[in-house]
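Each of the next two complexes has chain A plus one other chain: chain B in the first, chain C in the second.
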Partner chain A sequence: MSDAERPTDDSGDEFEPIEVFPEAGETDLRPGADDCYKCSTCDTECPVAEVDDEFPGPKFQGPEQWRLKRQDDHDIDESVMKCSNCMRCDSACPSDVPLSQMHNTARAEYVEENMSKLSREYWRNRMLANYRRLAPLGAMFPRTANFVTGLSATRWLGEKLLGIAGERELPEFATETFREWWTARGGPRVENPDKRIAYFHGCYSNYNTPEVAKALVRVYEHFGYEIMVPEQDCSGTPMFANGMLEDARRAAETNVRELAAAIDDGADIVASCSSCSMSLRQEYPELFDFEDTETVAANTWDAVEYLRVHEDLEAELEGTAVGEEFDDFAYHAPCHARNQGLDGQAVELLGLIDGVEAHDVGDSCSGISGTYGWKEENYENSMAIGAEMFDHMDDADATAGLTECPTCSMQMEHGTGYEITHTLEVLAAALVGDGADATGANATGARAE
Partner chain B sequence: MAIEDDVLVVGGGLAGATAALAAAERDVRVRLVSHKQSTLRHASGLIDVLGYPPAGEGPLADPFPALADLPEGHPYERVGAEAVRDALAFFDGIAGDAYAGAHTDANALVPTHGGTVKPTARYPAATAAGLASDDRDALLVGFGTLPDFEAPLAAAHLEAAGVPFDARGVTVRFPGIERDDAKVTRYAHLLDRDEPVETAAGESTARAALAETVRPRLEGESRVGFPAILGDDSADAVRADLADRLGVDVFEIPMGPPSLPGLRLEDLLFDALADAGVRVTTGVPVVDYETGADGAGSSGPARIDRVTVDRNGSEVPHSADQYVLATGGLVGKGVESDRERVSEPVFDCHVPHPGDRYDWFVDDVFGDQPYARFGLPVDRDLRPLDADDALEFANLRAAGAVLGGYDFAAEKSGSGVSLATGYVAGRRAAEGCR
Partner chain C sequence: MARDTEVLVLGGGSTGCGIARDLATRGLEVTLVERGTLTDGTTGRMHGLLHSGGRYAVSDQASATECIEENETLREIAGHCVEETGGLFVKRPEDSDDYFRAKLEGCRDCGIPARVRSGREAREIEPYLAEDVERAIEVPDGAVDPFRLCVANAVDAEAHGARIETHAEVIDLLREGDDVYGVEVRHGAGPGKRSDAAAGTTEEITAEYVVNATGAWAGQIGSMADLEIEVRPSKGVMTIMNVRQVDTVINRCRPKGDADIIVPHETTAILGTTDEEVADPDDYPEEQWEVEAMIDTLSELVPILAESRTIRSFWGVRPLYEPPGTGTQDPTDITRDFFLLDHADRDGVAGMSSIVGGKFTTYRAMAEEIADHVCEQLGVTASCSTADEPLPGSENLARLEAGMDDFGLRSPVARRSKQRLGSRANEVLATDEPNPVICQCEGVTRAEVRDAIEGSGADLNAVRIRTRASMGNCQGGFCCQNMAHELHPEYDEATVRAALDELVAERWKGQRHALWGEQLSQAMLNYALHATTMNRDRDPADATGDVEFAAFDGGGTRGVESRGDD
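== the complex of A and B ==
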């Protein structure tokens, strides 16, 4: 910017000051933009900029674009839709610039003002972002849904009609959702006003991998916790990533209200999905200002981290074994877990359990980043980003995978063919037993107790 | 309950990683907690010890004799010259073939991307063929899309600096790079994976196409220098492949931020941490601390009992017997300033500085800037001292740029101070464990 560009003559043009402060209701991103000293560390952490020639990187998407827009009535550049929302730039920045907050607001503005609401891209993204709305249909007729989504004709149609990568296999729906299981079980088996948690299970462990949610229940009841399962909507993660901020706001409003009520009842919030906990902890306070947003954020924990701090989990795991059920794992720490300081956790804890080790496969991004890798136009880049992780999984002394993020898990399986487990499932096997009562058939038996 | 370890290192740069590795030599449980990516990504990847003495003339041919003359309070004076040698040897053991320079005490002269010559004790193997003391003629190759390195200008600067060889610079198009602002990681990725690229002559691969772009520009030079973007994970293979195809030695010229040699050094250190069994927690800051009861009431210094790590709002306690503070200086934000004061944000250790902020700097930009020396004063055990020269805490040591009393940019001593103080702080912390 140069002062020389400003009109200094009295040509009659009325001087228009540059808008630097936000309008009421907007997020004030100025302090964040001012903190950027353009070291470009974020650009070196961005997995998309490394493989995608069309993506200018987080420094542009965040502080530079924000500044550009102060000067002139620029539209948000469409390249913001190439950002996968892995949020690695957040933990890269040595100057605390809230990059993902800037990306989320810019993306929302782009979708609102520049993306045609009639376009295939908009509806494809809306559908991917609102998985929570579609999943109940699949869960209602899981066998039919699994059969239909597994058909190659369906996948071909998905790609041609919707732009969903045909190479990917849609996740299978569980024959019984976690919430159905929970209700049939009669809810909590432990009552304890002093040790109470509210479980934010998210969409995936409800509709697709209830075994993860059941593992959480077994582990927490083992430690004597009373578990609440409040009403909840999608955490918002896929909506942020697709610029559907209004959809996310509605979901967040429900979640904050319900979780704040649970906190009032003496519970802390735990989540088993690292993107859900990231969303509640960081994105909600950055993007929304409902009453209690901050309270919910400050009382939300990763489910394993919570036990680590509130119980002597290490002593409890020492000397336990998982027998034949699990062998060594190639462990991938999801980017959203790394941003919460959870990167070493699984490796440290599994090291205490006899007969099982977790081998860290490095700090690269898996490349799927939620809905990013599901889009036909991103598939190749998604796999190029994942190549480093696939190589390291291949090199690791293990033939199974371990992670805490549902979509990382899909990518790990897609790239290696390994079966992928959640850390909570291993802890449940070590602490509670061989996992027999977590299966559908035995859950019936458990109810008969 | 707190997450427990014996030694807790706060900070994940060169000093913090070295401290954790040195502590892990002993039979203690070590954890390193690091907030953001360290300033290693701003760094050249060179390991300097002392290029210019704080008073007197430089560059120094040999840094070691000059260590004895450093003023009281300089980090090297605190740990002693022998510790500097021990720390370098420790680094050599970790770096292995990835670094060169251990064969001599003398400073090597490495050409920089500005065409100046930097005195340094150790340098990445990737820069070895480029040393300015080598009398072979050199071709420097820059890329139009990478304006941070202007090869003809750098070559002219080198010749003006009096290097004993002819340097010539050319600017070419990097095959496979389309955009003007492609990231350095994009260049490195294309070469690492040797990806297919389009050239005027048809489809090729990144390494072959780059070699073919450079080959016709060679005029008998026996070595070719590129900006430091020649691969990340497979940098050695990329360099060897290019050298093989061109029939000359290939070297890298260290670049400014963001720096791949800095990234590679970081990877090297974090791989070593994993191998040494150090537990690593990244992405979250240490925001507070508590002192223990056993310090209260007695006249001795307080002991840190636990620190609080802020995980996106939730407060996670970590406890250890010994702590090392290696959070960096003004750039790394281990030392902060506002209009009122200069401070150390984690433990609020004493940072000596003039009360009037107009005395923090001098008008000559390249002059003797007081702020450059801001940092913690420490005893010879690297334990921070308060305004009365008493220990701040009984079980805290400090290492790297958070220390005061030296101007690393002017002295070219940043890496060496981080290594030497990190090494000493880590060892003493482990020895001090109860």
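== the complex of A and C ==
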């Protein structure tokens, strides 16, 4: 038997991380370093390392740092806070090193053990990570909130007091949240025990862009799905990125419980935000072990991907048109969509619709990466990372942008001034028309029966 | 007749270096000769266990007692070489209850702090322990870096006036009648020599007294003066895991057997070992099945080992000895005690003693006893201080650990560097110059590599054992050439190239027994990188194959054959 055929290689190299200190919820990821042979492909794909000389890159943050660690060491290097959590390293790695899992865990340990809970950075990060907790206030008085957050004085204060980049405009709150609209509408208009989805709308399409959520409702009802909108908390993405693993754990516990119940009721889970679906599918099983975590991960889909698999979406779109509403788009595939293998679908689908084209602006990162680009100290690097995307948007034969990630869309708008649309909105316009349903609870909807 | 030195110590392992330090600090004039790099023999090929004595608590209580005493001493005098990991003797369902009880009682008889842990408690300490481990005895085993410890002894001996001559192979014992009065050495004949005397030159070193501390090689040395020393070398295999699956020493609680110990060692874990007598300590088979059998057996204690990456395997040779006529068949039954053979008493040949047997943990006590003997022979009255005086690097460690200075390094790099350097950290790491990480796997910076070069010359394997550079998961694939680069311009190109070749060869040697799974991928990547950048795929049999590197400097010329004829 040759060495290469040794039986030890048959195990699939899967290791089960183990909680070293069960009370602290710490996980031993050192065995994950076994998969790294230091090729540095992750470092070449890291958008932060490309622009920030102080950032040592994912190979150090992940396998190297973990390998150097001993059980009782608690000195994670502070540079882990510079990781933007774009997770491109995961896809780059030819050897399945659990890089983002290592980063998320190391970051949580750094925040827990090394970051002062009294520091401005901690509170700023906690606020950014817990947008879900602040958003309801803004949504309660959206006009006041939008007026106040839009003031230059507010932005100046935000930067000086909290370290939130003053160049950024805070997103506007919708005057009616998606959930308010959904309740007023009376919930689902299609009942179908055989075709059921539970919609994980996330925070942004609830509080800020309910038009995206409404587009999803129209598209799915068009295909005859019964839509459930279960109770839900933040997906946890901004919390992972800020090392607030305990906050994320609480949110995840709610989400897993509620979504698992929906799965029991025969639903699959769909999300319109690519980071939300990424979180439910990959980060939850990597970081948490609630009952049903794996079930939820295995039954969660990106909303467009789901229709491509379960319906003949291409045939349905063939020959449709969107009229004057939309023109050509510069399309940016978010990193978290790319990680899920979804980077080609929007361009393909829009190609089927008459009068609208999506021009792919390349595979670079937008640079905002959730909360990363909101931090004063990261603003310049965030814009430097985004420069390639801005250039390509500028070159593309379009004056509007298209993407599936809320913060990517903020960055695209910030860098180009273009209006940014979600792919689902275009699909809704093509399949259902401009849908009076979307305008308010009292309108008669496009029933799918 | 004037002699070159008072005492000549043969062998640069733990015993030889310990004796050299002991005698030098007593004020004697000492020369130590070693045929390779320090620790090249048995010392550099051990599992790194600092015994609590628990291992011998049933079979050999005298050794056990000595171990716990020396264990406590080394924690004090060699803190920067020791990691206080603690140890567990774990019992599986098929292991004997009686033996477990005997082990516990034995530990208590020998003054070894021992505490019984339930299987659940043991798994809380070490989460990767097998589910069916029933019970464990917790003892103060530790991990020790034999390289660092040996070098620290040698450095302290030098600081007290000793001459430490590495790469000086003994080619003859000088004997006149019934008196041994020195040795003849050949300089640079061994691997790695890149400084001092010209390679191939010989030198006679005469001494009042010669101590043969060459362990498994003691018989070969003795035969140079027609002295018969019945060393029974016994080989054992050790396998290095890429990461630490355990942070505590794990022993199997059963009478004896192969493959019963896992020692966390720096960034790795070392699996050990086997015990098989060999005829020649320099030439014995290294079999792949020994590695596989060991991983299989130890997976019963820590199942994750079966699917974990190993980075290399190596074999060591124990210098076992038993007095003539004992006739023990199984090498595992041969005592681990040491023997001081005074050839005057034994063979009627004065001027030399040989030291055989023994174990690493008690090297200092052995050295003290031998030094006492040497002093007696030379009529010197001086007392031993090695149990009280910390080794270089271990002074004021408590104060060092309290210090917060990270020397501008990334946290884990700073931590590992400070642990390796101990109290020398500030002297080595505080630099105004750029201090990049040279070895990323082990977190070794340029400053530390340069310090090691200062201490050991252009011998990159000596730099390796001082710093751990190139001992991580890429096994030097990414850093060997960067280490070599640090030799320039102090050493010329030919020297640098030869030093690099030796380091690369040494790194490949141990990997031959780890070429499957991820380490095979690593090796393929290393090979490709070295082949494309350093022409390492040239035909090694082509002795004339000097590459004209200058020819590349002008940029590519189409059609020029750049490779050897492979």
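The definition used in the following text is that the second predicted complex is superposed on the first by the 402 of 449 C-alpha atoms of A that agree within 3 Å, B and C clash if a C-alpha of one lies under 4 Å from a C-alpha of the other, contacts with A are read in each partner's own complex, and residues count from 1 in each chain.
Please note the rule applied: a residue touches a chain if its C-beta (ideal position, glycine included) is under 8 Å from a C-beta of that chain, and two chains touch if they have at least 3 such contacts.
All of these numbers come straight from a predicted model, not from anything done at the bench.
Colleague: Under the stated touch criterion, which partner chain does A:348 make contact with: chain B (first), chain C (second), both, or neither?
Modeller: Only chain B; A:348 stays clear of chain C.
Colleague: With the two structures laid over each other on chain A, which partner does A:39 touch: chain B (first), chain C (second), both, or neither?
Modeller: A:39 sits against chain B and chain C alike.
Colleague: Have a look at where A:30 lands relative to chain B and chain C in the superposition and call it first, second, both or neither.
Modeller: Second partner only.
Colleague: Contacts for A:387 in the overlay, against chain B (first) and chain C (second): which applies, first, second, both or neither?
Modeller: A:387 sits against chain B, while chain C stays out of touch.
Colleague: Which partner chains sit in contact with A:75 here, chain B, chain C, both or neither? Use first/second/both/neither.
Modeller: A:75 contacts chain C only, not chain B.
Colleague: Where does A:65 make contact in the superposed view: on chain B (first), on chain C (second), on both, or on neither?
Modeller: The answer is second: A:65 touches chain C but not chain B.
Colleague: After lining up the shared chain so the two structures overlap, which partner does A:56 touch, if you call chain B first and chain C second: first, second, both or neither?
Modeller: In the superposition, A:56 touches chain B and chain C alike.
Colleague: Between chain B and chain C, which residues of chain A are contacted by each of them?
Modeller: Chain A residues touching both partners: 39, 56, 60, 95.
Colleague: Using the touch definition from the top, list the residues of chain A that touch chain C in their complex.
Modeller: 3-6, 8-9, 11, 13-15, 18-20, 22, 28, 30-31, 33-39, 56, 59-60, 64-73, 75-79, 95
Colleague: Over in the complex, which chain B residues touch chain A? Could you list them?
Modeller: For this pair, the touching residues of chain B are 1-3, 33, 36-39, 41-42, 177-179, 181-186, 188-189, 193, 233, 257-258, 263, 270, 274, 279-284, 309, 311-314, 316-317, 331-333.
Colleague: In their shared complex, at which residues does chain C touch chain A?
Modeller: 124, 127-128, 242-245, 247, 264, 267, 288, 292, 295, 304, 306-309, 410-416, 440-443, 472-474, 477-478, 515-518, 520-522, 525
Colleague: Can you list the chain A residues touching chain B in their complex?
Modeller: Residues of chain A touching chain B: 39-41, 43-46, 49-51, 53-54, 56-57, 60, 91-96, 278, 281-282, 285, 294, 297-301, 305, 308-312, 338-344, 348, 360, 363, 384, 387-388.
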